[in-house]
Every structure is written in C-alpha cells, then in structure tokens.
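Working notes, beginning with the structure itself.
Every chain is named by a letter (A, B, C, D and E) in the order it is written, and numbering of its residues begins at 1.
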Amino acid sequence: MNWSPILISLKTASVSMVITFFLGIYAAKLVAGMKSDKVRIFIDGILTLPLVLPPTVVGFFILLVFGVKRPVGRFLLEFLGVKIVFSWTATVLAAVIISFPLMYRSARGALEQVDKNLIMAGRTLGMSERKIFWRVMMPLALPGIASGGVLAFARALGEFGATAMVAGNIANKTRTLPLAVYAEVAAGNMEASYGYVAVVVFISFIVLSLMNYFTIKGSKYTDKDASK
Amino acid sequence: MNWSPILISLKTASVSMVITFFLGIYAAKLVAGMKSDKVRIFIDGILTLPLVLPPTVVGFFILLVFGVKRPVGRFLLEFLGVKIVFSWTATVLAAVIISFPLMYRSARGALEQVDKNLIMAGRTLGMSERKIFWRVMMPLALPGIASGGVLAFARALGEFGATAMVAGNIANKTRTLPLAVYAEVAAGNMEASYGYVAVVVFISFIVLSLMNYFTIKGSKYTDKDASK
Amino acid sequence: SQTPPAGQETPEDQQPVEEPQPRATILLAAAASLKNTFDNELIPLFEREYPNIKVDATYDSSGKLQAQIEEGADVDVFMSAALKQMKAIDEKGLIKEGSIVELLENRIVLILPKDSTADISSFEDILKAETIAVGDPESVPAGQYAKEVFENLGIWADVEAKASLGTNVTEVLSWVAEESADAGVVYATDAASNTNVKVAAEAPEGSVSKVIYPLGIVKGTTKLKAAQTFVDFLMSQEALAIFEKYGFSAN
Amino acid sequence: MSLEVKIKKRYKDFSLDVSLETKGEYLGILGASGSGKSLTLKCIAGVETPDEGKIVLKGRVLFDSENNINIKPQSRNIGYMFQNYALFPNMTAEENIGVGLKLAKKEKKKRVKELLSLFRLEDMGHKYPAQLSGGQQQRVALARIIAYEPDVLLLDEPFSALDSKLKSELHTEFLDMLNLYKGEVIIVTHSKEEVYRISENLALIENGTITGFGKTKEIFEHPKSLSEAKMIGCKNISPCEILSDNRILCKDWGLVLETEGIPINCKYAGIPSENFEIVNEPGINTIECKLVNVIEEINGYLIVFKNNKRNENSILYFNINKETWNKKKSQNPLYLKIKDFYLLI
Amino acid sequence: MSLEVKIKKRYKDFSLDVSLETKGEYLGILGASGSGKSLTLKCIAGVETPDEGKIVLKGRVLFDSENNINIKPQSRNIGYMFQNYALFPNMTAEENIGVGLKLAKKEKKKRVKELLSLFRLEDMGHKYPAQLSGGQQQRVALARIIAYEPDVLLLDEPFSALDSKLKSELHTEFLDMLNLYKGEVIIVTHSKEEVYRISENLALIENGTITGFGKTKEIFEHPKSLSEAKMIGCKNISPCEILSDNRILCKDWGLVLETEGIPINCKYAGIPSENFEIVNEPGINTIECKLVNVIEEINGYLIVFKNNKRNENSILYFNINKETWNKKKSQNPLYLKIKDFYLLI
C-alpha cells in the first residue's frame, strides 16, 4: 500500500472541510436571513445543485469554468499564476464544491431551529449581529452544524468523480484515497483496495469520534449534571 | 431528449427518498437514544460509511452482497424469485444506500437539538415514547429533518456510480437521469446534456420549493404573526 | 537484453555524456486499461533508465482525458484507447505535429462469467444471453468497437435491446464477473485482468477496425525533450515486450 | 429623559392601541393577564414591530410608521427583560450577565461579580441556566439587563418567581441602585405592593388600551374610574344612579349612600373591602348584612355577605382582622357601616 | 392515597435531602429561591433521578435506589407542572391540553373546551404558545396537567404569572375542582396567601432539607421554630435568653418579654410586625421607640424603629394601618406594646 493517497486525501479533506465549513455556514446564514421566500428558494436550488448532478458532470462543469482557456481559469493563470486543473488545488476545489451543499443545508436547518427569542434577546442587549451569530446561534445549532461538518468531511474524503475530472488521477499529486480505491478495484486488485478501504474507514472513524467528542463537549450545557 | 430516464429517475428518487427518510430517522432515533458513547460512535461510523467511499466502489460492494452468485443475492433469487441486480429495484437499493447517511446524520443532529425538557414534559404527561417522538420531537426537529430530506432526495436523484454498478445502464429500465447526463457529457453532446441537466435542475427546484413550503408550514408556530 | 530505444542511435549508457537529459517530470495521461502496465512495469523501468526524468501518470477513460487536455490540463504525453479521442484533440491543434504514433493494438473479445454454462462461443451467439454488458458506444471506446462488430454482424439492434451500457470498462467487467450480465464485450487486456471472467470468442477478423492505442505528445508541453525521450522509450522493443505481456500487441 | 409611545398593533383577535409618555419617573404597568403589557414593552424594545405609530426616546425617533423609520433593537439602547427570561442556555450565569457589557476584561469581571452578589447569586456564576432554579434564572435575567445599562429599562414581571423575603430585599436594593441610574424604568407587574413601592407613575391597561394613567399613590388612594378601581383590587363595585346632590343608589346592592360632592358623571360606586366597620345600629351608609360565607385568610377573615334588607343578590366582601371578628361575629343582626367609598366614572 | 418520599441528590454545590409523607391532604411547599423545591418535585415526577432513596405511591414503589427500581415517568402517573411551563411550541393551546387525554375524540374536545373556559382561555384554543401571553401560557400548562388527571398533581408555582383578580378566581375554582379529584396535590409557591388557602399541610424547605412540617394553619398561627417563623414572613426575630420561668431577654433588641409557659429549649423570639399596639405609657412588653423610617405601603405604613432605651442597634418592623398611624404618630415618646409573640426553638 502506498501512503501518498492517504496523505493527499487527509490534506484535501481537512483543507476542504475547513473551507466548506465556513463557506457553508456563511451561506446558510445569508440564506436563512433572506426576506423573500422566492429568492431564498431560488438560491437554495442553486446551492444544492452540486448534489443532484453526477459528480463527474459537476467536475466537467468545473473544468468548463476553471479550464485555462476559460475566462476564470485564464484570469487565475495570467494574473495569479495559479493553474487549477490537475493540481492539488483542484482536488480541494472539487471537494469543496461537492461537499458544500451538505454543509450548507445542514447548517441552515440547524440555524433555523434556534429559538428566535434568544436572538431577539441578544439584540435588545446591544449585541451585534455578528456576536449574536457566533456566541448564540452557532453554539445552539451545534448538533446540526456538527452533523453538517461530519457529512461534509465524509463527502470530501470520499469525493471521486469530480476530483478525477478536474484534478486528474496523478500518483503522489492528485491521487486521493477514493481514486486509489477505485483504481485498485478497477484494476481488479481487490486486496490492495481493501487496504485502502480500511484506511478510509479508519480515518472516518477517527474524525467521527472527534466530532462526537466536540459536540458533546460543546453542548455540555444541556447536560444537567455537568457541574456534578 | 428521451423521457424515460426522467421518469425512471423520478420514480427511483421518490421511492428511495421515502425509504431513506424513515430509515434514516429511525436510525437517528436509535443512535441518539444509545446509552454508550462508544457504541454510538461505532454505529455512527458504520452508518456514515457509504458516504466516504466512491459510489462506484460502494456499488461494487453492493454487488458483492446482492450479486446472483453471492449468498444474499442467491437467496433472494432462489427463494423469493427476486433478482436485484440490473433491475429497477437495484436503482432504488443503490440510491437508498448512498443517500442514507445524509438523512441519518441530519436527522440525528436535528433530534439532538430538541429541548430535553419538552421530552420530559411529554413523559410526565403519560405520552408514550412513540407519541413523544412523532408529536414533539419530529415537529420540533423539522427544519433539520427537512434539510436531511432535501439532501437525501438530491443525492438519490443525482446518484450515479453505485447505480450504474448495481443496476446497470439499461435504456427504459435502469437508465436514470444522471446516467443519461453522463453519457451525453462523455460523448461530448453538450447540447443534449444541457437538456437533461435542465430537467434535473427543474426537478430539484420543485422538490426544494415543496420542502421549503412544508417546512415553513410545519413550523408556522414560530411565526409570531401566523394568526394575523 | 537491453536494446537501445528506436530512433536513438547512441547506446543508452553513453547518452548522459553526449546529451545530458534535463531534470524533468512529465505527465502521462493514459487510458485506464493501461494502468497496470504502466504503473507496475514501464514507468519504474523508464525511471531507472533515465533517472533525471520522472513520470507522473493519470489514468481515466479516454473521453475524460480528452476533455481534460482540451481544458488545458498539463499533460505532456497522451495515450488513448482509441484513435477517435486522439484525432479529436489533434484536430483542435493540441498535439505536436507528426508526433502521433499508432503504437499498440488491442483485441475485442466476448467474455462470459467464469462458471458460465451458456452455449455461447461466438459473437453471434451473444443473443442467447439475457443481458449483455457493453461499454457505452458514445463514450467508452470498447463500446464503440463492440457496436461496430455487432453492426457488421447485423445484430446491433437486437444486442442494444438487451444491453446495459457501461460507463467504463470496470463496470462491464464487474457485471459479467458478478453474473449480473450473462455476457459482455471488452478488450482482451481487460479480460486478462479479471479472473472471474473467461474469454469465449475474439472478434472475427474484419468485423471490426483495428483497436489502435495511439500515442502522442501534447503540443503545449514545456518538456518536449523529456516527453520525446519517454515516447521513444515506449516505442522500444523492451517496452513493447512488456505491453505484450499484458495482452496488447504491437501495431 | 423622555419616552413617548403611541402605537397600534393588530392580531386576529387582539389589538393593541397604546399611548404612553414618561419623563424620567418610573412607570408601572398593571393589567390583567393577556391585556397587552408584554406586547407594549416588546414594541418599545424593538422585539415586535408595531403596525403603525411612533416611538420617540429623548427626541430621537425610534419608530415611525409614517416615515418608515424602524431603528434596530441594538441601536435603541433599550433593555428588555423577557418575561420568560430568554437566558442563553449555552452561557453560564456569569457569561449571560457579562454578554452585554462593553468593558475591559478585568472591569467586566468585577462588575459581573458585583451584580452576582447584589442578586444573591454569589456561588451561581459558573452554572448554566439549566442548572439554576426558576428564581435564580430570573435574577440572572435581571442582572443581565441591569449590567447592560440601557437608557430605558423595561422589566416584565422581574420578581414574580422570588420568595417574599428575597423579593422585598431586592426591592430595596433595586431602588437604591435605580437611584444612581439616570434612565427610564418601566415595570410590568401583577403585584400591587411592588408597583406601589417602585413606581411613581402608574398606567393601567385593559384589553390592549390604556384605561388609566396617573400618580401611583393617587390612583391607589382615590381611583377615579371603574378600571382604576378594578385594577387596584377594589372588590365591591356596583353601577349607581345619582338620586340627588348628595345621594346615590348602588343598584347591585340596593344600597343608598350619602356623601358630598358627587361628580355629575358618576356611574359606579366602589367600596374597598377594608372600608367597613361593624356598628351596633342602623344608620346612614350602613348595611344590615346577611352572611354568605366566612373565608379564613392569613391575617384575617374575608366576610362574604349580602344586603339583608333588599333582595338584590349581589354579594359584598369585607376584610376584617381576626381579633375584631372573633369579638363581634355573634352580633345579630350585623350592621356594617361604610367608612369611605369611591365615586367612579 | 399516600405518597412517601425519602430521597437524596447531590450536585457539586447543592445537595437535596428530603423526606416527605402525605396522605391525601394537599401539601404546600414553601422555601426560598434555590432551596430545592422544584428539584424535589422533579425527582418525584421522574424528571430527575435521585442519587439514592425511595419513592412510594399508594404502596407502589416508584423509585428505590437499593433495589434498582426506577419506574419511568409515563408509568408513574404523576403530573408535574413545570415552573417554566414546558408547553409544546408546535401545538396550539387546545392540542397542548388534549395531548395527555386518553379519551375518544368527541369527549376529548368537550373536555378541552371545559378546561379552556375554566381557565379563562375561551378564545385562545387555537393559538400557539408563542402567541400567548405569559399568564395565558401558565394557565394552559395548568389546564394540561389537570386534563391528564394523574394520581399526584405536582404544581410548581402554578399561579405566579397571573394578576391578583384572576388568581383569586382561579384559586376558588381550582379548589372546587380539586374537591372532585381524588389524588394527592403538592403545590410549590412563594405566596403565603396561596399556600394558606389551598393546602392543609405545609412543608418548609431550606437549603435542600425539610425544616418544618405540619398543619398550615398551626404553622401560620404558632410557628414553633426559627425556620417556620422566617418562612411565614415574621419580620422581627431575635435570639433570646431565658431569664426566669416567665421572662426572656431578646438579645438583639435588648428587650425583656414576659409570658407564661416558656419552653425550656426556647432560643428565639419572634414578633409579627402586626402584633404591636401604640399605647400611652410604658409597661410590661412595651418598647419605647426611636423611629428609623416610615415606609408607605398600600394599606398602611411600615414603621422601622429601634429600642430607644438600649443601644442595641437592631431594627424592628411594625405594620400599621394609615388611619391609626396618622392619628397617633405625633405621640412622643412613642410606646409600642407587644400584643403577642412567638417562642421559637
């Protein structure tokens, strides 16, 4: 078993999860705060899109945006010197785009479940909207947010179709765990694939445990016996 | 554009969403109610698994269970006369397995966010656990549950890798929308693919709107001006 | 048994002296069916012979690779599983003039599950199967060839009605291996890679155009020299022998 | 300092139509359950948006439906203590209190500590709301709003969950503290004692509208209208008819009362249940009683009776201390003289 | 009907150690904020689990730490009205009330309607808790628990959010209703009037332990211990020293009191603030006052004074009605005779 896919996947999944986490929460906040139901539903549709299309197709569309001949891709290349396609950045990009709807949707549900009265209480106490968000809404929405985080991380870790499309499948560079698993399965090397699957499972167990730990810790206030 | 993938996909996504919905909620309830943190995290890991593996690989494993050579598949075939692989049932099976973690996780987060006091209040009023669950926890967790439903539906609608592996890609039988989209994109028929993409987007918009509508309706109690 | 690569007059051991190879890493994009050959043997061998050149490789279906190259992926050498994709890229002016080599040939075979007792021994017999696994002719080269065979036999319409169109070769193989499908059409090299399938027949001579694996250097490459060295290496007898070991034949 | 409020808000089966004005005096609001007290405060704080009207604080328009002004709650600098406390469940008592404080860390800590001890919560600082008792939660909510030092303090039944000892202690200290504080205070309460003690002015609210407004003491001593009398808890009220310059007939009790200076628009008469005296013989403003019930209370009896001389069936209440009652209860017939009564419009 | 409770529960900085027993009489619990009243009820209802102890209802063991018995709340048939109501926000008032009812649809509707009107919520049935006022929510919670008809009713400050008029109306009707009902009732309240009116028995709780238990009336009339006196609101309490058979010295006030039958273990003396009388000359059980403050209350004045003859600094309180005070306040020196006082252990 080769260690590089594991490292690459870990790096990709962690980085993309951090990005998705904040991006998703931010989007959720924006959308949840929208006045017009129609606009909200529309934006909601757009943001959920990466989930309803086959990842390969999503990857293809990403390629159509970030390809070096396309405006965005050309801009990035010429002005920032960044070439997305076939780079490690691309694995992150793909993972972020694919896992984004999970985070966004979960966070939105969780934020909507927060007692409006408490938000109002924060306002009458002169707390800024930002402070209310970070000190009141987020902690109270933690279980939902955490489950969004878990979903996003898991999805980023397992991301395959779009990654292969945008980042390629280059050993030591963009070959992530799922690509390795897939490659082994495709090449009929079942034993090798089991090894990678075991690693994937192991990583997700670790992350899930951590998440569970933090969620439990973060919501200790509901635990009546906390100060015992 | 061919209508059959649309119909098949609609059927698959709806049926699998209903199954996933109840299965996911039920699992969430079970896991959320578990006493031991360790067991919970373990089960949690297992249930999240389909999300961290490439769908094609998941499909492959499903094939290893339900294939006609394999014990389960053979049992189903010989004793019940049901052949899972390459049937419409398989598209549902694949969609359920792939979208399950989304529903499960979202529902768990949402249920954990429900005020424990209200559950206790239900108990002291002699309400059965089942009644408490359906009349108190579910409605209060609605935003999170709904977002889980949206995610699960979207994922089921977009499911591609595992479906192709288990159900095949048989025109008018198991060729779902994503398979059609993929085929067109892969063949470079971008125009045709846009047609299908438009349909996918359209369907998800409809479903999202419905979901939003029901969520808003279902949580009208938080709308202070409802009786106006 | 080291034969100097074709097109290279000087013996390989003198090469660094006469013309030092620039330190370079090149990227090979190859059809998925070539993965084992390259990863297990050819690339390690090449890197041993040319320590200054490192070869990265990405494998996928040729159609995807085509799209990626068209969108500007940093590919230096491209090897597809059919001429169609190579031509398409070439027509867009993305391949270095005159660099296309029709290097390998693969064969189209009819496969059955290992334990199959079906009475299928030729491509015409495939209609006895209940479900047939073939690659999607629109996107999978093996599928295109299968379609061609069946069209020449005049039974494509009947086959298509029973067909499940795989989006990649792995699917087609797995379907047959797991007996989801009763028969399938893949490359000989794919069939060789899976022990759960057996070959029932080869495509009859003349029923299908040659299955060519062309090789080309992508025009945008900045490492022309290294890329050329690699291509030359692949054309060497030594390399071809390895390809043959994996079921290909030199064209 | 001045606060002017003139707002309307309509629900399907309730509408609020309130005008209030205060100028630095503390204002108490009394009203039945569901009469619109909390809603009024919420509108002032910006928690609810009125349908129309105007809210002006120190000349600054906070809300004006005509000019589409609606300052957000954060900028109003009005503290509202929610009736259900609305403590942040994820913060300890300390954090809850400190959350609105804009001080440096050290001073903040000091201030929070002061407030904790002021509200007898010394050892509760590290507890989460779920770990606090009802009364402790209420005190944290009160401390939190006071820490914030807003221009206007809106308190919605701030002491309802406290035992009477603690309540009276806090009243005293609260008043001391408020003396240092230069803002408006509006306090909603169901306790007459509280309103009497804390607020100089009193507004009565009934069914969404203000039905009485004035100096607390005056209203308690001489209610002028039916609503005022009801609100201060006058138990005996009857519609009346002016018979002459100095005589009215209380219709419910079939009783004629004599007094000076009957206002021309007098429509009701009210007799506080303490304002009876047991006398030995009939006379003016005296009833011959028919006892209906005697209810024992802590510091006395509540005598429920009717006018024996008429067949009107409306009952009257009389609060008497135990000693006196035990001495005189055997009198028969029992004559009750009305020492004082209210003439109400 | 009988309920026996003997439980312990420890938190880091609070421990509950309570034994109670009731036999069909309604029991009131009085105690300061944070003394453990709600916690006790929660343990009985099964909302919290005690660390150790036993709860037995009608001979049926509900909880027994030794035998690992812990019947789930559903099967205890004990209704607990949460101090913060715990109404289901997703159900209307009607639905909240009906949720514990196990009747056919039609009867259920009828019963819910009855309860709505009993609690003056006729038009509120279709509203969600967020659309109800604080007092309306409290009434819905009360109606809900009563609808459930449990064997034991545990009420945690059931009337605290109601105005006094409504409160006294509901008291009356509540008592009528409870008469028809054959269960135990335990009611926690901060209102002495309420406890006095509703519950025959009274338990006093202080810092997690029961410090007094008895007939409500007896406790109010003759508190026997320091805690009882404090709890019924006796404002003047001083440690004392027995001087002889019939004389004690109240140390805080430097005052000697004469009376018969002083118990041997008498440690404190308490004087209810109403039990003074203005007299014209010194005498036994009479103080010469030095006025400290006169606080106006609704129905009288609260006179704060010291013993003029001694230099002890502890103050005393005297509640007097306005009339009498206004008549006699100019007396100088002012003598107050103590009509009655409590001897406390």
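Here is the rule we use: contacts are C-beta pairs under 8 Å (C-beta built on N, C-alpha and C of every residue); 3 or more make two chains touch, one makes a residue touch a chain.
Just so we're clear, the structure is a prediction, and the values are computed from it rather than from any experiment.
A.B. asks: Going by the average position of its CA atoms, which chain sits the greatest distance from chain D?
C.D. replies: Centroid comparison gives C as the farthest chain from chain D.
A.B. asks: Since chain A and chain B are copies that touch, just let me know if over half of their interface numbering is common to both, same, or not, different.
C.D. replies: Homomeric contact, same residues on both sides for the most part.
A.B. asks: Have a look and report which chain pair racks up the highest count of C-beta pairs in contact.
C.D. replies: Result of the pairwise contact count: A-B comes out on top.
A.B. asks: When the centre of a chain is set as the mean of its C-alpha atoms, what distance in Å lies between chain B and chain D?
C.D. replies: That gives a centre separation of 56 Å.
A.B. asks: Compute the distance, rounded to whole Å, between the mean C-alpha positions of chain A and chain B.
C.D. replies: Whole-Å distance between the two chain centres: 19.
A.B. asks: Two or more other chains touching the same residue: where does that happen in chain E?
C.D. replies: Residues 11, 13, 84, 131 of chain E each touch two or more of the other chains.
A.B. asks: For chain B, write out the residues touching at least two other chains, lowest number first.
C.D. replies: 56, 60, 140, 179, 182, 186, 219, 222, 224, 227
A.B. asks: Mark out which residues of chain C touch at least two other chains, giving numbers and ranges.
C.D. replies: Answer for chain C, listing residues that touch two or more other chains: 64, 67, 170.
A.B. asks: Which residues of chain A touch chain C in the complex?
C.D. replies: Per the stated touch rule, the residues are 56, 60, 63-64, 66-70, 73, 83, 85-86, 164-165, 168-174, 182-183, 185-188.
A.B. asks: Please output the residues of chain C touching chain B within their complex, sorted ascending.
C.D. replies: Against chain B, the touching part of chain C is residues 61, 63-64, 67, 88, 113, 131, 133, 136, 138-140, 160, 163-167, 170-171, 174-175, 178-181.
A.B. asks: In the complex of these two chains, what residues of chain D are touching chain A?
C.D. replies: 45-47, 72-74, 76-80, 82, 84, 86-91, 99-100, 102, 126-131, 144-145, 148, 150
A.B. asks: Name, in rising order, each residue of chain A that touches chain D in their complex.
C.D. replies: On the chain A side, the touching residues are 117-118, 120-129, 135-136, 139-140, 219-222, 224, 226-227.
A.B. asks: Residues of chain A touching chain B in their complex?
C.D. replies: Residues in contact with chain B: 37, 40-42, 44-45, 48-49, 51-57, 60, 101-102, 105-106, 108-110, 112-113, 116, 140-141, 143-148, 150-151, 154-155, 157-158, 160-161, 178-179, 181-182, 185, 193, 197, 200-201, 203-205, 208-209, 212, 215-216, 219, 222.
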